[in-house]
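The same chain A turns up in both complexes below, where it pairs with chain B and then with chain C.
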Partner chain A sequence: MAEQAQQNSALSAAVADVANGVALALDGEGDSYALSALLAQEDTVALAAVRVLGADVLAPYALRGDPARGSTDRQVVRRALAAYPPGADASDVSLWSYRGLVEASRAFLPETGADGVDGADGGGRDGEGGEPGAERPPEPRPGDAWVQTDPWPALAHRASQLAALSLPSLAPALAVGLAARTDDLARGFVRAVRRRDWLQAAGVGRWLVRAPDVPDSLGLAAGLVFVRRMSGSDPRVVLHTTAAQRFPGGGPW
Partner chain B sequence: MATELTAPVETAALAAEVEGLLDSAEPEGIYRDTRECGGGLLLAALLLISPPTPRAPKTDAR
Partner chain C sequence: MVSGGPPPARRAHPDADLLDTVAAGALDWIGAMRGSFRLPADVTTDADPNLTLKPLGELAELAQVTQALHPVAALREAAADLLAFAWKETRGGELFVELVRGEPVATYPVELYGVFARAGLRHPGVEELVGATTSLRRWRVAREDHTRTLNVLNAERRIGLPPHADFDTVLAHTGLGLRPEPWALDRKAAYGITHDVFHATDWGRTPGGLPAPLAGYLRLWLPAWTETWAEERLWDLVGEFLAVSACLPGAPYDLAAWRVLAAAQAPDGAVPETGGVPPPGASPGEAFTACYHSTLVAAFAATLARAAGHPDPPESEATP
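Take a look at the complex of A and B:
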């Protein structure tokens, strides 16, 4: 019942809208993508949706980045980070997701000279003379012991929640840690499919398409098509499966 | 004025919802093993088609 109420909330609707827009941009290879154009209005709900989807909102820039176009989107991301920082008792997933969005902003939308801030990833502070109100967000250091210690069902669940970090050049340490547990992720993928947890299956699938030594018997490519179809084209599932297609292999290991 | 007063409350509620969506619990589910289910069905089928228990013939007490 509570889940249904959550699904029907304004935030969930905004998350679905933005996820849909990102997936469409990935399908069209991201040529004319602009995050700011996806947001109905820059209100608190839209910024919250950006925080929920994390680094994925910048995925089209990773595909065919044109940072020169991204100045407005960089500001949107910074506002989302400033509006919804992880709290003192935030979970590791929240911290990782926040960090992923910070890293994606730096990697895919690097600041240029036109922004008035040094483009190098130095210790530039608070965008002096740059974007108005654009403070450089802090970069939390979340724990990663769970990558080694979590039993495989919990590992798969958490990895799926952090699927956005499977984008190229984000969280390399996390990617290497998860790559060492490919078999456990494969088990988690099958378990999620059998539980009909399409979102989790699609999220785990994103890590698996980049992992080495995925067993052929898993049938990952066909499995992701199946997951997408069975989800009834849930926007977040479609985003994950599209990203899995667009960013295969090529991990940092 | 009302908007100004309610804005922080809405933002706090949204922040909580963001955390909930980011770190949502796995949906409850029952994980059934197909082989166990198949075994159960086979047992039930065997019980249904098994012949009735032989009973001792009734003898009239005269």
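Take a look at the complex of A and C:
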């Protein structure tokens, strides 16, 4: 029990550190972003933190691509995916989150010829940007029927858990499906704030900022500021609200 | 006297059985507890009006709606009986003469009398008095609670007095009229909004009474409010939200919330204001305080939903 609690605490701290670093990078320091620099040491806890935050660990690259610098981070991501693959009975959310990280790596850190050179000091030696023996991560095909069928409270909860997939060009079908339920997501935002579930509210808010026809009366912009302040600037909430500011609109519709 | 004719037949409500069970149970319980609505001898002097006049006025207001609108004759009759009981408790309106004489510029005697006047239950002496008091400039001094002012305006209309302010202007300044961020609503503001709607629609009788932008605002956010307060088991407010929903054009019907509210109703028909029913052994007084308002609201909401006929598809339902 105590050991488990200690591990959870270490994971929470690592997640907070990485979230904080990503948010700072999104806030204007994206040029110098490196995921690997945020990890105190690349151990199982660090790799778990990468999986918890999912595609968001690469969000700064969505602002400014820097494939040369990204080679190391691509390998960090690949190791995190390999260390924590979704289980046989993984939920749709878990599968989507995993897939989101795969897609983010491919979209924001495309493999280039520079990888071989970069690999000399970054660990990759096969000229493809991968590690020896490292295979391309599988791309699960998670279910998405829930986007159409979930009652709005469950829909908003799941959407919030998958807020990282709201980054540009990831999971376009999911984004289109959720955009068709903007009012329901907005209701989910209301419910989350009423429950003082700031993380859920901020996550739902990320989908809403890029959704068409968000009701004016929701007061989304003020709501995101409110949520951020009320959370006491919780790093994961700040990551969501910062990403919501940096990636407004721009959906594929 | 009150009009007792059945409302016009409409397409049957698909959830009529549940709604009628809630309303019948609630009216049974209210009927059994009517003694607790009786006014004490010191009602015009020392008694706390929140425990005496307020419950009686709420009984008269909400029973009157059921008496007028419910499609089931037995429920209309039970409600008419309760309204007659309430009027009798006011000694045929004589109570209001005493209240106005005691506090000539207070609004509550006028508001309460207006409830009965709406049902055609009138007292000439009261009308003479309030004709004098409500024509004063003093009566037009703005009150700090706009929602309450709407109720005063409603009472003036019901009694036939000239309105002391413009209803729509006051409504625009309320918690509904300003359409606040829906996530910033607290319990007090929520009750303010429900009452803004009740006043603007004459307690559900004129669903078109709400300006379209306000109806649209409510249609959008009611599902979220109803859900969150149902999760908190605040049945009184859940009942009021369901009543508000039935006041909207098309009367969107929140089937899941109605199921939850019906499940919160005790076998004897009482609906607790919050949480669970009072434990066995609770005194009648405790049970009354814990349940009377929410039980009245449940009967009222079920009546409005039923009277609205076949509802629109619920806004909150997942698309297939």
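Criterion: the second predicted complex is superposed on the first by the 225 of 253 C-alpha atoms of A that agree within 3 Å, B and C clash if a C-alpha of one lies under 4 Å from a C-alpha of the other, contacts with A are read in each partner's own complex, and residues count from 1 in each chain.
Keep in mind that, in the parts below, contacts are C-beta pairs under 8 Å (C-beta built on N, C-alpha and C of every residue); 3 or more make two chains touch, one makes a residue touch a chain.
Everything numeric here is computed off the predicted structure, so don't read it as measured data.
Trainee: Clash or fit: how do chain B and chain C relate after the overlay on chain A?
Mentor: Once both complexes are aligned on chain A, chain B and chain C clash.
Trainee: First (chain B), second (chain C), both or neither: which does A:144 touch?
Mentor: Once the two structures are laid over each other on A, A:144 reaches no partner at all.
Trainee: Taking the superposition on A as described, I'd like to know which of chain B and chain C A:218 touches: first, second, both or neither.
Mentor: After superposing on A, A:218 lies in contact with chain C but is clear of chain B.
Trainee: Look at A:48 in the shared chain and tell me whether it touches chain B only, chain C only, both, or neither; answer first, second, both or neither.
Mentor: first
Trainee: Touch check for A:157: first (chain B), second (chain C), both, or neither?
Mentor: After superposition on chain A, A:157 lies in contact with chain B alone.
Trainee: In the superposed arrangement, which partner chain does A:94 touch: chain B (first), chain C (second), both, or neither?
Mentor: A:94 contacts chain B only, not chain C.
Trainee: Would you check which partner chain A:183 touches, where first means chain B only, second means chain C only, and both and neither mean what they say?
Mentor: A:183: touches chain C, not chain B.
Trainee: For A:194, decide between first (touching chain B), second (touching chain C), both and neither.
Mentor: It touches chain B and chain C both.
Trainee: Pick out the shared contact residues on chain A: the ones touching chain B in one complex and chain C in the other.
Mentor: Common interface on chain A, chain B vs chain C: 191, 194-195.
Trainee: Going by the contact rule set out above, which residues of chain A touch chain B in the complex?
Mentor: For chain A paired with chain B, touching residues are 3, 6, 9, 11-12, 15, 44-45, 48, 51-52, 54, 83-84, 86-87, 90-91, 93-94, 97, 157, 161, 191, 194-197, 200.
Trainee: Give the list of chain C residues in touch with chain A in this complex.
Mentor: Chain C reaches chain A through residues 179, 181-185, 217, 220-221, 223-225, 227-228, 231, 256, 315-320.
Trainee: Chain A touches which residues of chain B in the complex?
Mentor: That would be residues 7, 10-11, 14-15, 17-24, 26-27, 29, 31 of chain B.
Trainee: Residues of chain A touching chain C in their complex?
Mentor: That would be residues 148-153, 155, 180-181, 183-184, 186-191, 193-195, 201, 215, 217-219, 222-223, 226 of chain A.
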